[in-house]
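Next up, some structures in structure tokens.
The following pair of complexes shares a single chain, chain A, combined with chain B in the former and chain C in the latter.
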Partner chain A sequence: MGDSFWSVVVQQIVNGVSLGAVYALIAVGFALVFNVLKFSNFSHGGVLAISAYVGYFAALKLHLSLIPVLLVGTLAGGLIACGVEFVAFRSIRKKRGQLVYFFVTSVTMLMLLEQVLVIFFGASFFTYPRLISLTTLTIGQVSISVLYVLMMVASAIAFGVLAWALRFTRVGIAIRAASNDLITTNLMGVNVDFIVLATFFVSGLLAGLSGVLLGMSYTLYPQIGQLVVKGFIASVLGGLGSLVGAALGALALGVVEVLLISVMGSGLSPAVIFAMMVIFLLVRPQGFAGVSFQEKA
Partner chain B sequence: MLEVKNLQVAYGRIQALHDVALTVPGGKIISVIGSNGAGKTTLLNTISGLVRPRDGQVLLDGKALPSAAHLTVAAGIVQVPEGRKVFSSLSVDENLTMGAYLTKRGDSNRTRQQVYEMFPILKQRSGQAAGTLSGGEQQMLAIGRGLMSSPKIMLLDEPSLGLAPKIVTQVFDLIERINRSGVTIVLVEQNARKALAVADYAYVLENGRIVLEGTGAELARNPKVEAAYLGGQASGA
Partner chain C sequence: MSYFITVGVFTAITTLGVLGTFVLTGLTGLFSLGQAAFMGLGAYVAALAVVTFHVPFPLALVLAVVVAVGVGYVIGFTTLKIRQDFFALATFGFGEAVRAVMNESVKWTGGAMGFAGVPRLTTPLLALVSLVAGIWLVRNVRGSKFGRDCLAVRTDELAAEVMGINAFDHKLKVFLLGAGLSAFAGALMAFFTTYVEPAMFGWMQSAVWIIMVFFGGRDSLTGAIVGAASLSALPEILRFASQWRVAIYTLIILLIINFRPAGLFGRWELSFETLGLKRSGPGPGRRLPGHAAEKGGAGADE
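Presenting the complex of A and B:
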């Protein structure tokens, strides 16, 4: 076990954290909607995918540079998610439909949004134009690509803004209240239709940002939205209901995934990850951060 | 003044309220007593706009109330729901902020000071997650949160539920104090003895119908009420 072994490990952890930072964006966006409406919203992946394409065309056709592309993709995600809420979920909510209807609708919306991309752009792969330098930064024996630095920085900024908004803005506090109890939030004079829409908007912003970052780091194809599964796994690991847990779960998932791929290749590692998830949930079903407060009777 | 006129409420085919009528004059305490499942919560939820009636009216000062819950709060009617329903992962202070969701910041800061003066324990715990409070403290917070909207009328659903007798007495003292400060109270309770003691006027709800009404003292002396709602409690509490 020489220095080179450890520098490889550290290198992989850095890579894993960068990947995990983007997974965290997906996971937290996924968890936001889960917390308020209590269903797993797989349409999040469709929002992610379309935003990734929006970012791509903004870069290609409008020749926007990095920051504007990120902003356009992020905003697109927010707006598309609002559209999805309005079209797909609002009427189920008004009719007080069972949770399974929400879930099935969300999966359907994921497939629908994917097919929309196929119809317009075909099933082929696209590559983002080069928006950032391809160089790597070297710190000691660890090198990190500028793209990975961007992924970490962009996620950190997004989470900083999100944390501030949830803590200090009236709508942000109301989103957290709605995560506790939507009906009582309504009794406070809060228009819950608006709060649900706002939750989808914020969740969609995160989906949009993660979509552009993933589009830049991988190639772009209609099924890119299926990466929402990573966010799902992460938020389950973190403890459904906790945003911090979801983010931590995502970081852990990124690191484990990168380490596993370097050890056993990308064919086997997903199976191992799912097996680990099952075992983890048997041991600790409430996830990393799954502490729930009880209302005292 | 709040008036409920021939209210009919049904969940699917199950009728929860039959032709319920009651009058809540401004500045008074009106109690509605009844056993579990009598329709007390449904009555409050209908006034609050959470449940839509099949027929009948809820009038505030002669005008129909809006049919959406958030607009009812804007009209000056707030509900303190059964089981406190504090936002457990929010801090005590954030719970109060939620109570003042519709209020301008300057006004809500003043109300917040008043609520903290009324409940010093909440001030001590203002940064703590509401879920960590004791049951009695959560009830204080739920009431304080309701006051944050500066309501004309406060609807209280079973505020004594699950609390120790000493705390129950405190909660009822508090309700009278809030009433003296000018807030009209509609109190729904299984604890009939306490609810009748504080009430200016009271109704007995049974299987979704108002079966008796009168001043709190009259109902407390009524043999039927005594047998059905007070007798058991005399030995129990």
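Presenting the complex of A and C:
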């Protein structure tokens, strides 16, 4: 106990924050689309999975180094998400279909994108070639692998750029307006089709980046996209409608997961996380951020 | 047992499980990402009861339903008052928790290796009778005052509450009905396949069930049954195409949702009247549920 106990705790929290940083990328991408179209977009996971594979092949076949691989995977995510919007969601939106149709379509797209990976690459596991040194940095009694540092730095840069874009660019401002009220935004003369496409593109960029980072830290397999549920959990816990809340929720989820796994192993921790989730929802249904999204009566 | 009977029984049991999703999503508009976990719960409770505790088979079936409804009550009571997305999340968490417990309690359930050695007590006749009884039950619930009140809640919760319908109470009852149906199907499944494993009951399975319901049309019992039966048999039929079958399956669903969002059957129901065998009488209570125009423009979809 004592000193060594606390250094273990700090160590696990550091690990949790780096995992949470990647979850935050997923959660914010998930929340971006939720804010504009008000549905839980599970196809986000499919985009994540395919970009992770794109990054893998870019590293393996084109022998790209770390930064280009990250950029290629990120860009691929953005483009795939645009494709998904165009193929799956556009016509439902044009017909003013109910939210449930978006939801069902998004789950179906997740299955389809997963299956595309199975068809072309089989159900086997792949390991990214080594793009980054496996050494660890030691600060005091806490050691942290270079990969975890990369995860945190990449997420921080992505969020910095995103915050700047949402605040200061024309498209970013339009995305925020559309999150507020899509119809009024349209009435104000904004091309909503373009803004929705842009939202999917930005959300896809985040999915792509998280996909490559997850692929590098775990192994690559077609079902890797199901990690989208981490984003789903984080964005609901964070308070639907708030990007900052989603990011905070993801960090908390990462830390709690890592701590639980170190205490009780990976087996039963989903059961404990579920119990904590239900209690949290009962105590604070508006989520961390406190700005709950309101359905219009 | 011949191949076709096996596929048939399997399809009947799955359809019964999907009826659980159908009542929940069709009557209240809620999504449960833990519906398959209720099936798993039913399967494990019944299997444990018979194999480990030597409970008679019929009693084990009842026990499976009772446990699922009890667990469902706790979840529903705590989460149905808050927003719909939270309910979806809570059911998802519940499903993963159930799977974690099944995986971990190796001594009782065999863990991830699965629970083997369950006697085959589900006969094709039992599966068929259960399915028919389940369909009959769901049909009557939908047509009753209770079912129509639920549709009012789905269409506009605020308006329904103003008219004196207790939305929470209705949602909870429907949720429990769905949990019971899926758990019963799970118990039948365990005694048919003689082997159950936690991986069969994940959240993707629940999502697939929702897809099946929308494929046929969530406002049509006929559609939901045809959707569940055909989509659960389809992977078997398309077995020659192996890897492509799931892709084909998802493409069919995407086409349906895009071009016929109300589902294949819309609001059409199979009955003596629609077949032209009996003249439709003007009598009261003959109207099928689902005629109310949906808020958000379902009517405009057609």
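Methods note: the second predicted complex is superposed on the first by the 291 of 297 C-alpha atoms of A that agree within 3 Å, B and C clash if a C-alpha of one lies under 4 Å from a C-alpha of the other, contacts with A are read in each partner's own complex, and residues count from 1 in each chain.
Everything below uses one rule, namely that a residue touches a chain if its C-beta (ideal position, glycine included) is under 8 Å from a C-beta of that chain, and two chains touch if they have at least 3 such contacts.
Model, not experiment: these values are computed from the prediction.
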**Asked** If you stack the two complexes on chain A, which partner ends up touching A:Lys94: first (chain B), second (chain C), both, or neither?
**Response** neither
* To do: Using the touch definition from the top, say if A:Met277 reaches chain B (first), chain C (second), both or neither.
  => second
Query = Of the two partner chains, chain B (first) and chain C (second), which one does A:Phe103 touch, if any: first, second, both, or neither?
reply = second
Request  = Once the structures are superposed on A, label A:Gln226 by its partner contacts, choosing first (chain B), second (chain C), both or neither.
outcome  = second
Larger residue footprint on chain A, choosing between chain B and chain C, goes to C
Practice problem: Look at A:Lys61 in the shared chain and tell me whether it touches chain B only, chain C only, both, or neither; answer first, second, both or neither. | Solution: neither
Task = Look at A:Asn180 in the shared chain and tell me whether it touches chain B only, chain C only, both, or neither; answer first, second, both or neither.
result = first
In chain A, both chain B and chain C touch residues 295, 297
As the complex stands, chain C meets chain A at residues 25, 29, 31, 75, 78-79, 82-83, 85-86, 88-90, 92-94, 96-97, 99-101, 103-104, 158, 203-204, 207-208, 210-211, 214, 218, 243-244, 246-247, 250-251, 253-254, 257-258, 261, 294, 296-298, 300-301
As the complex stands, chain A meets chain B at residues 170, 173-174, 176-177, 179-181, 183-192, 293-297
Listed in rising order, chain B residues that touch chain A in their complex are 48, 50, 68-70, 73-74, 78-79, 81, 83-90, 94, 97-99, 101-102, 129-135, 138, 145, 149, 161-162
Chain C partner, complex, touching residues on chain A are 40, 42, 87-88, 91-92, 95-101, 103-105, 107-109, 111-112, 115-116, 118-119, 226, 229, 232-233, 236, 240, 267-271, 273-275, 277-278, 281-282, 285, 292, 295, 297
